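Look at the two complexes coming up: subunit A is in both, with subunit B in one and subunit C in the other.
Showing the complex of A and B:
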């Protein structure tokens, strides 16, 4: 019985006697179905992608962090940092406060710190630097000290730094005092397997940028810095200490680096364990406190809209969602712009895993005592490393301290949007090849694909013109970048922005006078342009998603719908309206003066690729969609 | 019965004394307070085998004479004779020697890690390379060190830098140098135990009883070395030496006073009975007159306080104290001038895993022009682009200051680079040499365990040379660049002042070894897909099929 059924099923599968023909027929049918439902497939992919993005902060997603590198053994040591060392830190602090009150110069600060390091018997030196960019000049003096560990060959090193200016803009006096006191304390031990490099960098980011690029001999065109006279080995890990307040309640961890690079998650995880269990200090992501822990500040801290009814707002799941979403949004804000939120971010590009410990200002209860113990134990953990932190712990999305999303749970959201765009582009490309033949009443040619009595004929596609338009927009993007970063733009930002906006937005309007092609025998340029535009945008998004997920997600949100639904089949007023929207989307950022300046500063001083990326990739892609809507059908 | 026993005892005693006449054992411990509050200590155990000479390599095919020693270490003697080694130097060090603040070391071989070099005569029966391989394996077993890894990929013969310290026998063929360094080798207790076994009194009595591994391996710098040399008309000399740099300030929490008890946690309770001489010498600081050495020393040569351990009252605890110094003040010494003629810094610039730039900066601290030899014996893990060599003196390009003596390029997977040059250093100036290097791609089996650590690269070695016109020397007596001083036994120490740079760590492109499973799955899938497609195309039969629109 079973045999008979199987034979019948096989015959059905083969399509009776005419096996191969049936197979071909079935294939055509499937193609037909896919082709007809393409618009709904595109739409559902797009919706699924966006829904996935919204689902990322859901409370039941994510898993607890764990230590991947077994050598780390965080929190397994006794710490000996104690009140005498806190006392010393207090003395340093007093002297530093004097320097602050006397409005001392950079050189005086450096001189004092250098003297103190030398008093401790640690080799110390200073480095003066001078940055120039369109908006001004930055001078300063770094102090760095190298403690050659007993017995160590000096081929590996750990870096402990404090910048003079904290990431919240205040002076980081307590951070510097901590580093000085730690240096004297750590010198008393012979257990370090790596050299310890202490850096007190001037300014906020500039000082460390000058130090670390000189250390690695990297060329910086607008930097003029003294060569370093002391050297150590390869730096593996780094801790940056940022303690601007009087006391602190939590230690916040800042980790995003330049161009969206992240440090190995093991470093953050070990620090969290050490801080929680050795130091007794709770850890935050950034300075975000959980609104549920401080009910009187809940309205201030929470990002859940106030107009929501209390029934929804007070749900624990909703509050958890809001808390996680706040962390993720902050992360995306930093990572997408390639911006760092502390000195640590400058080190990542030299393969140094680094984080900033930010002592969240508060009236208590912690101070030097807790911070010293946390740093000591974290350094002991880093000291255990036999090799660079490696493995796959570079792709993660921390949603709250101790919980993270693996790459597989967040990456597909962007990829779905990108796939939908690619399908739209390919669909447009295929569509452009065929046109409906209205002249002949009936199909006679069997080679022509026929469906529902409509006869489709092949026609050539003007690829070259479309590609030239794209090339022109990208070249315009390059010009935009150079003009906006020039010295003139630095002096007259608003005039330049207006002029640039006009220069870029007006020429495409000439597309309106392009006459529609006389016959349907040639595909409209608009459709080819749209196809190429979507394919390029989709590729950019999917490639970016592995390098910088946040940037890819922002691109997916900004480009996904506008590019997929650009249309060239509308009347003149609608065309102009659509074009205006695209111009707003593509060039509107020119008028966010502060953001533009920050992006340009980041590019010129730190080499962040965000500004050129927006000018050369993002804006042209949107303008191409705008041109599509202007071109005749 | 009794008289027979007496005769045997008498003959035995006579034989021993007769043999002992050919063998001498001397021990010496020198202390040198360093300018940054640290304390350099060097143990030297010298055994000389008088009236003998190294085995002639041409007789290697014949059976060797039998070996009878009383104090000379048999285990080492057998190795030396088996491979007919004329001169041998083995250093096992940990730490980074700070030339600027510690000056020249008493034992010049202070490069981090293991270093082995030997001069051997050529032989028709067993080639030098064959014996070199045997030698390093034998020593590897003898000293529990991974010297077996000093294979052809790390062996060079830099004859300009490593001259023989003794004499080479005129009989037999020409002598050849073999030299290898292994910077990632760590020295620890397992190396000290076999080292102590070579001593006649082990660590039971005499100066050697101070060799307390708990303290020695906690020092800032420590290294043990074995030196064998042949001195014409005298014989073969084996010098076992242990050198270390203590940090008394770290132990005492601020003061640099020290004693045998405080640094070794031991004192000398009894002397070694077979030692011909046994001395402790403490260098007397020149500038400071508040230094106080206790107990009263027996002798002094002006620079050193000398204690004769054989005759001193036991237990002997030598101590040094600085009167009226409650805490050591670093501030004055760390800003002082460097204690060596030149200061060297070598760094590897660049952060990519495919190329970089090797930068060496050499500062001449002297007011006269001096020359120095510069040696890089670099494994093929870093390959030099010699044409990119740039030389700057105080920022001005000066290619004329470097003359390349020899450069043997590396052969991947087989041979290291040997680069020797003579540098001319203008007075009080800094010479910057830099060169592009490429980092090769390794076979995956060539990666060591903990592959992401990178590779340690051996130190460069510089030897400051005598100025061309020796008359300058009379004006600057401090400029004598090789030590012609006599050591404690009247032997001239002919060792030149070699300077080793710190080792480097190079980051090569490394696969993620933690994911071999994923990699295997990925590559198998790709191969399966490709195979499937190709197989499908190859075996498919193409026919014309007419498809009607309706089935």
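Showing the complex of A and C:
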């Protein structure tokens, strides 16, 4: 009985006696449905991806930040920084202002700071450095001091730094005064379990770059720096103090590092708790104040367009959306270009979790007193660490202080766009395989009738030619990078840009004289090129998204629609018009002189990969789509 | 392409690359050399050996005593000789590969020779481990030599090369049966028109016995070189007991880092046996074309061996150049290619996130090795499918092939 039932069930599962045929038919039906709905699938994926991106700043998304590492215990200590220490900081400040007024040289600054550290009884030394790149030379002298831990072997260290030039371009005198006064104050305590390394770096970024690469013995081709005479242990965490104004209203946290690396979120969260509850200072992301708190500046700070009716503009949800969106846009601006927005970013490369505390210039109410307490308490928190900050807390998107998105809630936006591009590419690839047989009269047999009486025949696909075109564009990208970063380009930037643009944009026009294949027997190169171009772009976007989400998002926006809807089936004027758009998209950046120079500086001095990435990956991908639009169908 | 021109040019550029200034980190990269094939470890072992310390007494040196005695006597290993030796190995591999192709076609030279050489020498999965001086390059050379001699019917040389290979790497045992069978059949392509070959069991056993005696002799020589049997546990033993869990692009290491100790012996047995169970089915299914069976088995060994490097899947991918008749029947070539593209980008990236940048962890790299495993598995399935499918030929419209 059971056997009979089982046999019946099995037969039913296989689709009756005619099992295999039924299976094949079912499979073909499913394939048909997928194939017919492919255009709508890829369009909806694309739309969903972009909609998700727009939804990231929505007010009800995101969760409150929390402390993941239990050892940190932020804000659990009494702080003893008080007015006598503020008084000392004021005295340092007076001397520093004198140095500024006398237009002192780098060496004089370093001499003064070194002298003060020595007076405090802390081991101190200086380091001179010399950078050369295409655009000029940078000289300077860093001062650094090491306060050995009284309670441990000195295998680990914390770093407290201030650069001479603030991230807003002014002199960071109060930052230096804070570090000096803190050094004297922290020395009085015996509770440090890690060495304290104080660094007053010269310039804005150059000084710290020289110091930290020498500290870790890393190679730096453009740098000629003195070796360090004092050493300490592995640096786990670092605070950089940036206090350019007279007083401050908020402490802004800057955290993006080189090449889009972020510090462990626990560090930012601890600092936020300490600042809010111990120091009584509200925290901002960067220097972006909430427009709702300063009504008289709202039109300047807000990114909500002014032409919107007040009914919409004054909605709390809309204002919250605008506030979050601006934070995110700033973050994307820093991370996508891989550039740092403060000295802290240089340290991430060496697995140091670092942030910059930026005292947002204002007429009040806070000063040395609050800053000292916040830094003291944050250092005590960092001092509690028993191991490197490690929990997977490196992938996050801070939408406002105290609220963040987890990787699972923002990453899919980019992945959806990338999947849509992959589907488009695979669809194009499959499409190129078949052509309609028009020679024979329409057959009458059953299988052909099922597909609407059309007979499809296979044809070869010219993969090699398409791949060679792609290789050529990427090699052209390499050449573009080397020429644009050469010394000649540094002297004549505009001429070089124009020449490069012409050299890269004109040769593909030869594609116009390629004759279309005589018969349908062979697939057009353009369709294979488009398929390969989309598959490569999709792979690049999805792989980049893990490393640098902002860059992947920018790529998804810039490449998603243009590459997916590149077409080779248009008349000559339309072809030229399309190509012009691609050239503008792929090479237009050559004429943003300031942007290009900054990217090249970042590459040469700091080793940021953005400039080579754009030249070797982004521009060639767009040019390939341009060539697709030029080739015959 | 003329082979007489392409081959010297390729070897010369390979030699140029060997002496180009490359970062030292290459030799320490986990994807390019495993603990069993790492060049720095080999140097360390030779140093210890020459200074009278048994290199097998620690857990550090896992190379065969044959390499140890070779490099500490006849061929002193330094920066120049090693680069020359590894280039020579690559040159021999390419030459053997082309010879295999020519024997398979029964021609003394073909227009495809240059292409085959280029596919081997320009394959980044093979080039990078070779530049990193990983001894997996030597293993690939020995395997290709063995296949070449087997195709030419030279039994002793082929089995001797294989015995040497087994000394260097125990998982190469999967090739013993296919190479013995290859010696008894023709290497010409019979994929299109399969027929059962006439092989007597006794002749196979004779080959196996010959291989066995070579292996015994080499084993005794190894023991003589070392003075004791400690090397067996450290070299062959490590492929069975997996003592060193240094990350590699294979599927074993993460599994065994996560495992409770009392399950370890059982799963070690399962994983080891799993590698071997494919040998007979593949040899039976492709008995009409044993060279193709050998090719499939290189893919299986690359996928499932305990300490693979990129050179193992690289060999499998380059060997596909020998079987152009199967190309049009590959099932999902674009999917396989894209999987490989993804994994080739993800492997170094996640390795960097975990071990250099410190923002990722071991799970990241493990995920990328899984993608890599999927890519290699897909390539393997494609190869098996097309190797069987080619016999059916083109179908009239309205017909479909179904796998039962």
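As a working rule, the second predicted complex is superposed on the first by the 608 of 633 C-alpha atoms of A that agree within 3 Å, B and C clash if a C-alpha of one lies under 4 Å from a C-alpha of the other, contacts with A are read in each partner's own complex, and residues count from 1 in each chain.
The working rule: contacts are C-beta pairs under 8 Å (C-beta built on N, C-alpha and C of every residue); 3 or more make two chains touch, one makes a residue touch a chain.
Nothing here was measured: the structure is a model prediction, and the numbers come from that model.
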First (subunit B), second (subunit C), both or neither: which does A:558 touch?
neither
Per the contact definition in the header, classify A:351: touching subunit B only (first), subunit C only (second), both, or neither.
both
Classify the contacts of A:216 with the two partner chains as first (subunit B alone), second (subunit C alone), both, or neither.
first
Which holds for A:61: it touches subunit B only (first), subunit C only (second), both, or neither?
neither
Would you sort A:617 into first (subunit B), second (subunit C), both or neither based on which partner it touches?
neither
Between subunit B and subunit C, whom does A:392 touch in the aligned arrangement: first, second, both, or neither?
both
Regarding the shared-chain residue A:152, is it in contact with subunit B (first), subunit C (second), both, or neither?
first
For A:24, select first, second, both or neither according to whether it touches subunit B, subunit C, the two together, or no partner.
both
Which of the two partners, first being subunit B and second being subunit C, lies in contact with A:123: first, second, both, or neither?
first
Partner touching more residues of subunit A, whether subunit B or subunit C:
B
Across the two complexes, find the residues of subunit A that touch subunit B and also touch subunit C.
20, 24, 349, 351, 388, 390, 392
Subunit A touches which residues of subunit C in the complex?
334, 338, 341-342, 345-346, 349-350, 353, 357-361, 364, 397-398, 400, 402, 404
In their shared complex, at which residues does subunit B touch subunit A?
36-37, 94-96, 98, 112-113, 183, 217-222, 247, 249-250, 253, 328, 330-331, 334-335, 345, 347, 349-351, 357, 359, 450-454, 456, 502-505, 507, 512, 514-515, 543, 545-548, 551
What does subunit A use to touch subunit B in their complex?
15-16, 18, 20-22, 24-25, 28, 115, 118-121, 123-124, 148, 150-156, 187-188, 190, 216-218, 229, 231, 233-234, 349-351, 386-388, 390-392
Subunit C partner contacts - residues on subunit A that touch it in the complex
20, 23-24, 261-262, 349, 351, 388, 390, 392, 394-395, 422, 426, 429, 445-448, 455, 535-536, 539-540, 542-543, 546-547
